[in-house]
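Some structures to go through are shown next.
Two complexes follow with subunit A in common, the first pairing it with subunit B and the second with subunit C.
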Partner chain A sequence: MAEARVIRVKAGPRLWLSGLWLTFFALAAIFAPLIVPHDPLAQDLMLGKLPPAWVAGHEPGYLLGTDSLGRDVLSRLISAARPALFVAIGAGLAACILGSVLGLIAGFFGGWTDRVISRIVDIWMAFPPVLLSILLVAFLNPSLQSVIIAIAIIDWTRFCRVVRAETMQQRRMDYVESARAMGLSSIATLAREVLPNVLPAIIVLLSLEMGIAVIVEAILSYVNLSVSTDQATWGSMIAEGRGIIYQAWWVLVFPMIALFLTVLAFSQFGEGLKERFDPVLR
Partner chain B sequence: MSRNLLIRLGSTMVTLFGVAFIVFILVRVVPGNPIAMMLPPGASDADIALLTAHYGLDKPILTQFWIWLGRALQGDFGMSISLRQDVMSLIFGRLPATLELATLALVIAMALGGALAITAARFRGTAVETGIDLANGASLAMPDFLWGLTFILLFGVLIPVFAISGRVSPSLDLPFVTGFYLIESILRLRVDIFLDLMRHMLMPALALALPLAAVIAQLLKTSLKEAMQQDYVMLARTKGFSETRVLISEALRNAVIPTLTLAGVQFTFLIGGTVIVERLFSYEGLGNMAIDAVINRDLPLIQGIVLVFALIFVVINLIVDLSYALLNPRLRHG
Partner chain C sequence: MTEAYLDIRDLSVALQHSGDRLLRRVSLAVRPGEVHALVGESGAGKSMIARAVFGILPKAVTILEGQVTIEGADLNGMSEAARRLFIGKRAAFIPQDPLTALNPSKRIADQISDRLIHILGMPKAKAHERAAALLEEVKIADPERVMRLYPHELSGGMRQRVLIAAAFAGEPRLIVADEPTTALDVTVQRQILALIAGMQARHGTALLFITHNLGVVAKLCQTASVLYAGKVVEQTSVRRLFADPRHAYTRALMAATPRYDRPEESLKPASPELMGELAREVAETDALWAKERAHG
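Take a look at the complex of A and B:
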């Protein structure tokens, strides 16, 4: 029933615009090797710090200019969408599954199970997230997998808290009582009855979390703790651009814009979904 | 009240204990021998054995934890491997810089958020409110990392009015006895140093403050608008008070409580954000040192910094809870 209602409502401009950018971002990431105008790693010191095509002193073929090693900024920008998408999906889903399962269990069973899980959440929230992610990645050795594991380990609490509260609310509903009266086991009740009603909240959080994951990956690659240097990332481009900010602003500005639009799109997509799902807000 | 206070204090202790345990385990499972990293290359076996015994590393892991916790409670976090100094004095050297930055950001966020909320509530239903809502949405969508970069571009490079790195100009001679430069410059009436500090601190503080200011503005505006519908506000209106006066002297007092709770929780996010913002502005604070410590795999220093950050987080949450209980009359006799 909930699904039918969602489909009937027409999507607003917020969902359309953010969905459009996310599609564009995903396509750029998937087809990056086919569409980049230059090899994103190819260096040519003769062509270093070329400005974008609309600034005097540019070279044809380098639309957004080059960095200090003569690498094409546009190609690097497109190629960096890959790790960003990979982390958004991987870390988003991992944190989502871990947090939602624990939240469902805590909210549904209550009692000491709830107390233990809630206490762990409290302890977790006492860690500074950026510091903890840097710590984890450094210990796991910098790589995209480590970034994903670190984000999942840190951010599952976001899902756990919301899902727990939602589940507690659902547990008191009549349909849960009747499902149990019909002899459904706890697990079956959770999976078949409670989960579908908590799912909208989870999907909204997942969209927000993907945006957070993209930012955290950028921060980690900014401090050189993400993928190795043979893969361009928005964070590493920003770090390079920060260093040569007085000579070549474009190396900093374009990855910043890409990062901003992607993060904005994820959060707006989540907000848009929330409006769709929540009958009171609508 | 006092019983609640004890329960709250107890649960804070449990949380801190949990944090300490996790940090301890995390650092222990890291590959590599911490003793070998502490000693210079070519140290004799006897030296290694001596230091191993000193840190209790020859004992079972749980015993090790108690020894470490006991030392940590006395402020002994050992020596930094990369900087070869006492971890606690390193942390105390950097902590004032971070606390000043975070406090400045909090003050900015409260002033800005409060002013926006009052303006939006005063002109509710007009284009002014819509404009403020839009600005809030925009500043929430952008994380502090991107705000910092934007400020560096705008006011560091395009219109270079602010310094983009460091805490204070190295050429300045600082006659200070504590690490709290900003406070000391005010107390000693050193306007020149104060202005130089602000030239360095304003951009990172603003980057940290903007997302929090937006949260405060949104929440306070909602509670102000709710309060303006209440009977006591109607009463104040019939007494002939102006709309602005009613808003500030009657509604604000009641609307501020829920905002305060949330602002406290959000303040911990702000402090977490100092880590990357300090890095961005090469600001010599605790967060910047933490990143260096991680890059250098300086385990004792990392342990100390994470624990200090966690302590700050927990203390803020405790203060928020207690002030909420004090401010809210319904909870006062709970």
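Take a look at the complex of A and C:
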């Protein structure tokens, strides 16, 4: 009866609205090449700095206006969802797997294993994250893969700390003892008995982490350390829009709104999941 | 006299960092089909014995000496993996607290059938069927419905029934029950005890029953060991234990059991003389042990 659990995870407005936006975001990213009204890279200086469709002086067909090179803002916004989604999933999962595995090991085995892993986490967290990511990406050569690697290397500690604490709490429960008494090995006990009980916390964190990854990618592309310039990103759009904010505010504002809504949706989705999971498990 | 199924000989365990002994040369034997009570106050080391049998002692505790044998095979002489395999097929554990002894994210069906699949290598469908039969045996009404529930949807007594079903699932020859009724209220306790007694008799399982409740000992067990500060102070048949308790501590333990008919006697604290005598005895044991070790 898989439904038993799903029914209890009723979608409140928080979960529902954020889920809706995330679905919209993912669909836009996946089908970007098919749905963009214009080529996001096509320049036309004659059509530069066109305002959005509800402002005087607009041109038909350019719903959110154009930037200083005459590129369609809506098309760039949609095509920039791709790298954002890619980083959210890639970096989120990578940080999640790395941090959760280490957290499970530290929390379950305790002793010196735990001490070593916890000290590494402490040291890791003392580095300023944005600076570290800029350094890492510069070192790895700017690309989307480097961004993903950098975020995973920096943010695994979030998962590690929470998963370690949850695992320690589960470890003390008698069911772990009985599993061991019936002859299950440590690894089997950890994977089959403990992990399912820690999983809700991991899923909630993963959602939050995806939002953080989107922000970090925007920061990195804002300082031009992410993808090459032939791919639009929200960060690079904001950087371009900043220079012409008094002539064409829309170049800056729309990518900011997209970024804001997406990050908000990820964090609210995580919070919503947490609310739903909590009464079941505690 | 038949040969012991579980035989613990001269088992001493100690805290690793301080060297304090938690078990002081404990020896006890449980014969096939026999119910042996392990009685003592909290902290006497009862659960430590259970953990030593299953090789799940806390990390901070080490075995200093002694053997644990099941079916004549020395468990301490086995490798980790061999020991797990050996013990999983022969012995099961009923833990103390039914509230945390079931995995909160597993359905009742899986709590039992996972065991059957793991220990007996039973195919999934068959394990499911057997799980339903076991739930029926522990008198759970509507087992098919209960099997689909999660532990938090069951009462404490129901959960303890599930744990008992799970313990008997692999047809073990030995069950170690660590105060299985302590966390339950009195009326449920009686039902659970009757259930354990019935299951034990039907399956002919040897049972090591850990408790601090002497009333339970009288009802359920044939032989008993009384533990104080990790030392067996008295070991005899239950009939003789009650008719003629030899050790002062046993008598004190019996006197400490509240009695409805003699309220003024029952709530007396242990006398300082007794406490002093017990402390002396423990000190003597340790001194003797230290001397022997130094020579050996």
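Following the convention adopted for this analysis, the second predicted complex is superposed on the first by the 271 of 282 C-alpha atoms of A that agree within 3 Å, B and C clash if a C-alpha of one lies under 4 Å from a C-alpha of the other, contacts with A are read in each partner's own complex, and residues count from 1 in each chain.
The criterion applied here is as follows: contacts are C-beta pairs under 8 Å (C-beta built on N, C-alpha and C of every residue); 3 or more make two chains touch, one makes a residue touch a chain.
As the structure is a computational prediction, the values presented were derived from the model and not from experiment.
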Ask   = Between subunit B and subunit C, which makes contact with more of the residues in subunit A?
value = B
Message = Under the stated touch criterion, which partner chain does A:S267 make contact with: subunit B (first), subunit C (second), both, or neither?
response = first
Message = Touch test for A:E193: subunit B only (first), subunit C only (second), both, or neither?
response = second
Ask   = Is A:L69 in contact with subunit B, with subunit C, with both, or with neither (first, second, both, neither)?
value = neither
Task = Have a look at where A:I215 lands relative to subunit B and subunit C in the superposition and call it first, second, both or neither.
result = first
Inquiry  = Looking at A:L252 after the superposition, I want to know if it touches subunit B, subunit C, both of them or none. Which is it: first, second, both, neither?
reply    = first
Ask   = Which bits of subunit A are touching subunit B when the two form their complex?
value = 119-120, 122-123, 125-132, 134-135, 138-139, 215, 218-219, 222-225, 238, 242, 245-246, 249, 252-253, 256, 259-260, 263-264, 267-268
Touching residues on subunit B, where the partner in the complex is subunit A = 11, 14-16, 18-19, 22, 26, 29-30, 141-143, 145-146, 149-150, 152-153, 156-157, 164, 268, 271-273, 275-276, 279-280, 287, 290-291, 294-295, 297, 302, 305-306, 309-310, 313-314, 317
Request  = Note which residues of subunit A are touching subunit C in the complex, please.
outcome  = 1, 4-5, 110-111, 172-175, 177-185, 192-193, 196-197, 199, 280-281
Request  = Mind listing the subunit C positions that touch subunit A in their complex?
outcome  = 54, 56, 59, 80-81, 84-85, 87-89, 91-93, 95-97, 100-107, 114-115, 118-119, 148-150, 152, 163, 166, 170
